[in-house]
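Both of the next two complexes hold chain A, though its partner changes from chain B to chain C.
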Partner chain A sequence: MNPRPARTSRSPEGGLPEGEALRRDIAARHRVGKVWLLLFQASTLVGIIALTALLYNVLNQSFGLVAVQNQVEPEMLTIEGVPLQDLTKEQLIAILEDHVSKGVMRRLESEIPFASRSRENVYSLVQERVVSPEIVRSWLFVDSIFRRAEILAEAAEEYPNAKIQFRAWVNWDFIRNSQSSTPALAGVRTALLGSLWMIAITILIAFPLGLGAAIYLEEYASDNLLNRIIQTNISNLAGVPSIIYGMLGLAIFVRALEPLTSGALFAASDPTAANGRTILSAALTLALLVLPLIIINAQEAIRAVPRSLRQASYALGATKWQTTWHHVLPSALPGVLTGTILAMSRAIGETAPLVVVGASTFIALDPNGPFSKFTALPIQIYQWTARPQDQFRNIAGATIIVLLVLLLSLNASAVLLRNRYSRRM
Partner chain B sequence: MNSLSVFADTRRPAPTGAILGVHCDNRCTVEARDLNVYYGNFRAVKGINLEVQRQRITALIGPSGCGKSTLLRSFNRMNDLIPGSRMEGLVLFGGYNIYDPDVDPVEVRRRIGMVFQKPNPFPKTIYENVAWGARINGFRGDMDSLVEQSLRQAALWDEVKDKLQQSALALSGGQQQRLCIARAIAIKPEIILMDEPASALDPIATLKIEDLMHELVEKYTIIIVTHNMQQAARVSDHTAFLMMDSDRAGYLVEHGPTRDLFTNPKDKRTEDYITGRFG
Partner chain C sequence: MSLRIRAATIRAGARDRDAGAAQIDLRRRPRRGEALIQGFLFFCGAVSILTTLGIVFVLGKESWLFFGSGEVSLLEFLGTTKWQPTIGQFGIWPLVNATLMTTALAMLVAIPLGLGVAIYLSEYASARVRSTLKPILEVLAGIPTVVYGYFALTFMTPLLRSIFGQNVVEIYNTASAGIVMGILILPLVSSMSEDALSAVPRSLREAAYAVGATKLETAVKVVVPAALSGIAAAFILAVSRAVGETMIVALAAGAGPAFTFNPFKAAETMTGHIVRISGGDLSYDSIDYNSIFAIGLMLFLITLSLNIISRSIVRRFREVYE
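Up next, the complex of A and B:
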């Protein structure tokens, strides 16, 4: 590319090019424009490739063939030629008694007496305790499609008793199940609920605080040294690494404010939590983390409200607050909501501060309030990708899909909300 | 803040008896005395002495940057909204200084309305545009009839009566400007300030605004800033001519009845300006 192609074609005495020289000059200018266009297209392409690679990886992990091996084959459990699924309740109980220890039988009896269990319940007990299918090997999605024959041959050799079937790791059971040390039975229910609780409390705290601060800074604060220092600090806080916020949260919310965050003050503390490592602590930490983002975005939105609108309001004898409440805020709201959406997306994907604040890695009980112990989707992903077994990577991939879907649906609802407000004229 | 208590303050007797408040009854005029307005260190207007006649249209004319709009905005304290602005001298409204520390600018703007250069209706319905000002100022009564009356006075009623609940932003520029006038008169001000109200409009819309001003002046005192000398000659009863000094501060050259000023200017600079020799 020649940035100044026209120079040589200019007439020696200077002035603007004419005739042939003008034509060449214009062509050269268009060429420069084309080069830049190509550069921009290339950068967009790089972004698209990166996104595609991410999605490819995630999907590759989340679907694929698995080899399922049963502890006891159902065919071995047929009685007089009647297959397992058609046996009566009494026959199923007999099978259970044959295959599990007396202690386990006693425990099952004391949970719900066998006499009052339904046949389906006993059947699923037999499936779980006796047949006990186990995934011994899983393959990636792409391999499952293109190397199916090889996989089948390999499986037949290595796991002669195993059944090969296609499995979507992200499925209804995966969302509904609690955590488990067996990847095939593990689910993200607790993590999903934890994330939802956390994001709800975070927004509830950060949105009003952030908007309030933005209104003060834009509409009320005078342009003095103190306010300028505050402004600069808020901008800088938006760039502080999130782990620092995690440490701040640990010091303030988990330790110093433990009576509050553990719920002891309200006599509502969860006996299993027994300290400040609760959903509330995590949400407060995330609220601190996204507060600068919300403030800055809300300020931008408020600043973008035309001055003529404010003047029109003042000229009618409106006070500052009436002007702000009736005109500035409604006009700024779509922008404020956009900023909040961004902040929410950031908060829901944060991992580092949650680790520091003390996310539990394994909880089987649903979080039932702000004072519960918690885990969150990114924490689960982090945990499961760190495990050596292959199948944990499969469920990590599935968790990523759940997280992305959650993120997209939260964003979509926020965008709908925003558009509704901007349509109100 | 209770407005009456402020203005009925006996320790501070007003120069001409009752002031600002309800006693005014459209008899108030506004007057600048030795007015200087500064933006930071820059003096925008200096030494203005001007009394505005009641129920007349007064035009402020002069070349660009001579401080016409600054002078106009100082009449209802809109300059207060500009950071770094301050003023010296007096602006008397019904004889009472509106820049007195006791005076709330909110009340000043309630009494002295303003229409801006670019139509700036609120992004709300037409009805709400007119009703809002009255509502926030504590209007009690039949809002529907107030809206209708204001729109009728602004010669807009027939055009919008079937679409009161539609967005004001869907109106044409001229209609929007008349809506802004309706909005201003809905709060029953004593004086209406107009800052080049027709400069963003086409000639027909401009004519409508000018006709409207002739009707409004039956009830209101109007001060208009205009770049257009024909407009000043057409609509105004009095004209004040401002010019910029070498330090870029605006000052008042001459003022008087429009007919006299245009046909028989006392000052050479006025004559040069209105005959188009500069500006």
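Up next, the complex of A and C:
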């Protein structure tokens, strides 16, 4: 490629190096090669270190020692020796009445009457209002392990009444509880359900549309201007920043199509939502966002199906659609599914468009359909990370773990599904 | 016996065939079901066009309202350096400047590292090493960006502050956001560049070895130049990705437009501003609402042109080897 001779050690006559000089020259070139190889390896290492640091950081935040101070010790609330967690609903309500002001009781009654509250709900109210454990301080995992003695000494001095205990911020309660303004009681249930609802609707919309577009472009479209525009357009759309889709969703789905997306058209609207900022709007936005990804992946899968398969089908008199449906699609399915799963994982982690479309900052009620207000796991991570207090960082870290586990299980199920289909063929 | 039966069957078959041939009409029949299906498939393809039209229409319309409101002119928008909607100042430069800074930092991290990884994977690594490393990088690429934002704020920022001093580095700063964005983009650069490098035929490498080039010389002077179009396309796509990246800057770069060239100071990017404004209580048809669409239009135009440039580079400068 480069006709210039090596700039090192030429013989005095101007020719190429010989003998000892040549050996030295080659050794020098190999040394340079080794140094660069080290650099290339180092950059790979940096990538791996970054991934490790990221995971380390999340784990470091989501586990660790905490200092807990109870307003009322649960031992004080035992009735006839029965511990708090085993009391009946009526006893729990009585405890609430003893410790909480009348006004608060009335407010709770008007939110949801006590008669229709479940025992678990009343129990969590007692926990929240009466016991009201407050985590006054939290420490990082690594510190908790290696500086345990120091932390205990420090805590004993600063918070003499507090109990020091090891806390996994991501735990069963964290997944089961709904949102709360107290980090220790907050959970991701609403966010998790919101994410699942959203992803289900997104796939229901995007998968048929994406597959249909891919079939059209690969099997039906002739090479004319319109189809070339569609093809170019799809690859352009794949590069549009996700936040732009959010703005599209805000203007079209939330505002212009409000009667549809708020459910008013079907008389199904959620009175608390009362505008287009619903799961459906978010899912439609995400569907448009992942559509190009699904189309491009599906196109590749369809293109990989050998021509002979189609021709054999035509030769037996099958129509174009029969050929596509019975022969091309089954062979392309594993590839199409992989692409769809990839798109799903993309959609589930997407945050910016949801913020723009209008995710709720605080909802305590579970979403119960496409017309509910919504929040999602990435939204929770964003909102909790943006808070300055340490403990919100802890629960944001715990939410990240939930999100990553969800992504991982999605991908694993995709791989299993794909393997099953490809074996069958 | 059996022979006679078979002959009879064949004769009968031939008769049936003749009779059938007389009935079959070989002319093309209209197939309504097929036409319907084709129509639906075309509609699926057209949805993407509608999406683009929708984006252009929405961004264009709201921006039109923004510039038509009389409060701000295009010249003021593009020519002044103060973004303070409360007092009616809409100069986009603080936002663009912050975007450029985070993007440049991200490129400083992602391009050398990404290219290094690509060269290592494609030229040096054994098949086994490659098959373990590539999934790791894919994992890195699959992590949601909001997680990177968390990483920037809770890990990179404290790290920078402990290195450069608490007084020098603000809690929110563009340096931390840019570096983490570089890590986010690294897998994109490395995987696209590696694809380009792997597409260079073996014969070129063997020719280089034959004239005495070392492995490094082959990689840097033969393979990389041969794959340059693909690598350049990867770089430009990476820039486009960095410009449009939102959650990292929304969390780590700071809230509040500031015109500063100091990477250790807080500044808000275009995407960060859109997220912050639309995350609050936003009333429709206000100048705030329209202004984020004007920023969005700018963002769309920048990323679109970068993507188009990237693709045309691949198309125009690709070296085709047979």
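Keep in mind that, in the parts below, the second predicted complex is superposed on the first by the 318 of 425 C-alpha atoms of A that agree within 3 Å, B and C clash if a C-alpha of one lies under 4 Å from a C-alpha of the other, contacts with A are read in each partner's own complex, and residues count from 1 in each chain.
Operating definition for what follows: contacts are C-beta pairs under 8 Å (C-beta built on N, C-alpha and C of every residue); 3 or more make two chains touch, one makes a residue touch a chain.
Predicted model, so just to flag it, every value in this text is computed and none were measured.
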Is A:G246 in contact with chain B, with chain C, with both, or with neither (first, second, both, neither)?
second
Between chain B and chain C, whom does A:S331 touch in the aligned arrangement: first, second, both, or neither?
first
Have a look at where A:I400 lands relative to chain B and chain C in the superposition and call it first, second, both or neither. second
In this superposition, the partner of chain A with more touched residues, chain B or chain C, is C
| said: Once chain A of both complexes is superposed, is A:R310 in touch with chain B (first), chain C (second), both, or neither? | reply: first
Just chain B (first), just chain C (second), both, or neither: which does A:A153 touch?
-> neither
### Message
Looking at A:T319, would you say it contacts chain B, chain C, both, or neither? Reply first, second, both or neither.
### Response
both
The intersection of the chain A residues contacting chain B with those contacting chain C is 319
Listed in rising order, the residues of chain A that touch chain B in the complex are 223, 306, 308-319, 322, 326-327, 330-331, 425
In their shared complex, chain C is touched by residues of chain A numbered 1-2, 29-30, 32-33, 36-37, 39-44, 46-48, 50-51, 53-54, 57-58, 61, 208-213, 215-217, 220-221, 227, 229-230, 233-237, 239-248, 250-252, 255, 288, 291-292, 295, 319-321, 345, 348-352, 355-356, 358, 378, 381-382, 385-386, 393, 396-397, 400, 403-404, 407, 411
The chain B residues in contact with chain A across the complex are 76, 78, 81, 83, 106-107, 109-111, 113-114, 116, 118, 120-125, 132-133, 136-137, 167, 169, 180, 183-184, 187
Interface with chain A, chain C side, in the complex: residues 31, 33-34, 37-38, 40-49, 51-52, 54-55, 58-59, 62, 112-117, 119-121, 124, 133, 136-137, 139-140, 142-151, 153-155, 183, 186-187, 190, 208, 214-217, 220-222, 225, 237, 240-241, 243-247, 250-251, 271, 274-275, 278-279, 284, 292-293, 296, 299-300, 303-304, 306-308, 311
